[in-house]
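Labels run A, B and C following the written order; every chain starts at residue 1.
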Amino acid sequence: MTLLDAQVTRPLDGGASFSLRNRLTRVVWMMAWLVLARFTPPPLHAWRRLILRAFGARMGKGARVHASVSIWLPANLELGENVLIGPGARIYNQGYITIGARTVVSQRAHLCASTHDIHDPHFQLVLRPIIIGAGCWVAAEAFVGPGVQIGDGAVLGARAALFDNAEAGGVYSGNPASFRKPRGLRKED
Amino acid sequence: MTLLDAQVTRPLDGGASFSLRNRLTRVVWMMAWLVLARFTPPPLHAWRRLILRAFGARMGKGARVHASVSIWLPANLELGENVLIGPGARIYNQGYITIGARTVVSQRAHLCASTHDIHDPHFQLVLRPIIIGAGCWVAAEAFVGPGVQIGDGAVLGARAALFDNAEAGGVYSGNPASFRKPRGLRKED
Amino acid sequence: MTLLDAQVTRPLDGGASFSLRNRLTRVVWMMAWLVLARFTPPPLHAWRRLILRAFGARMGKGARVHASVSIWLPANLELGENVLIGPGARIYNQGYITIGARTVVSQRAHLCASTHDIHDPHFQLVLRPIIIGAGCWVAAEAFVGPGVQIGDGAVLGARAALFDNAEAGGVYSGNPASFRKPRGLRKED
């Protein structure tokens, strides 16, 4: 059993869904972020990158994570080069979350990589990784649901809630989010 | 006039919508939760149950309320046995809120039991109780609107916003939330 | 170039989207609000009005802004008489935001007056002012998108996300929000 595994438990009876090692790791992680990063000024991205790497996150060159971002477990996170995670965003990565280069996750967006088995009267926890491509934009307060894959260059509009996969280069919005139009990317000047 | 009654006022002119007794009670309540519970570690559910009961909440055996939950007035809250209210959830119970046994309210969900009369130029406050059945799941960041009743075993998906009643055993999602499918609960093993 | 102008930059390469003067102003503003207003009790509206005016907000007589409201730049804000901005609301006014007399913006609503050019691989920031009329209600956790204009007396329901203009006296809800019915305002008694 690895650090990432959830246990088969009955959350409603008070059982913990994760191993003791996982839970202790997260206590240390939360304290470390609170003391070392939570109140750092915005430009200190290199410092926060260092802390995230120390806790096991794969961080591409220039990846920037704001101080008010909440991350469940850095070891479950991979950010490509120059990824930007905006203020107040929530990386709820009980399952693994991968984000491609140059993707922007705006303020208070929420990536949620786990759910509960609704066919189970005990609501067993289910981990479902999220994969977001390169050059995407997840706009302010959008929600990306468990198991979702987003193709390169796609845009998820503000407050949109995406539960299905999104095609590369598509613009998605609404709750539930659906395809609206191709993004129509200009050529680089 | 009881503690629960709203006054007939004109909020736009600066009038308070609740009695002085209600407002003082809430100041004491907020201070008590902040000092005694807000920074307690997750496992201390019995301690937080004690505080909630002291402020008038009806709490079933094993009902668990996380430290970061926000409750408007405990006296307006009834939780069945083993109910779980997740981190950051908002119980905005200006009107009474009742939640049945074994129901899970996930992280940052919002139950809002009041509204304003939109036909009134003064936006008079209107209290509308919420009743949620047993064995339900209100998923992450979902919203349950004023006056809504949710039948036993129903599921409200992540980020869904429900303004109508939900049938027992139904799965609802979207904003506004609508019926998607029956939950299809497995038999207990 | 004025305080309000965004610069032409490439946010993904780490360039700031706003001038140094704008950024310094905002640091001072955030510190001032944190120290002087953030922990003031609800009734001290006149005091918070004073601070907002000192930082350049146009505040009508009796306009009330709760202590937990987040405002990006007061100089980009104009509130009419008796406007009420509820707890936890977010005035993300990178673009200018104007709100008419007696309008209520409820708890945790979000007004977002900027976006990114999705046709630009560098996601250039675009400022798009929001104009909300008089006697409107933006309900709890609703979202008003960039460039939106809302006519007098319109209602945007709880959790609704509005990206198009709203007609005077209309009731809008859903995500994306759409017209549901005329408000049907009673005559004053």
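As a working rule, a residue touches a chain if its C-beta (ideal position, glycine included) is under 8 Å from a C-beta of that chain, and two chains touch if they have at least 3 such contacts.
For clarity, every value in this text was computed on a predicted model and none was experimentally measured.
Trainee: Would you mind reporting the rotation angle for the C-alpha fit of chain B onto chain C, rounded to the nearest 5 degrees?
Mentor: That rotation is 120 degrees, given to the nearest 5.
Trainee: Given that chain A and chain B are copies of one sequence and touch, is their interface built from the same residue numbers on both sides (over half shared) or different ones?
Mentor: Different: fewer than half of the residue numbers at the chain A-chain B interface appear in both copies.
Trainee: Could you state the distance in Å from the CA-based centre of chain A to that of chain B?
Mentor: Measuring from centre to centre gives 27 Å for this pair.
Trainee: Show the residues in chain A shared as contacts by 2 or more other chains, in ascending order.
Mentor: Within chain A, residues 161, 175 contact more than one other chain.
Trainee: So in the complex, which bits of chain C are touching chain B?
Mentor: Per the touch definition, chain C meets chain B at residues 45, 62, 64, 82, 84, 102, 104, 107, 135, 137, 139-141, 155, 157-161, 171, 173-175, 183-186, 188.
Trainee: Under the definition above, what is the set of chain B residues touching chain C in their complex?
Mentor: Per the stated touch rule, the residues are 11-14, 92, 110, 112, 115-116, 118-121, 123, 143, 145, 161, 163, 175-176.
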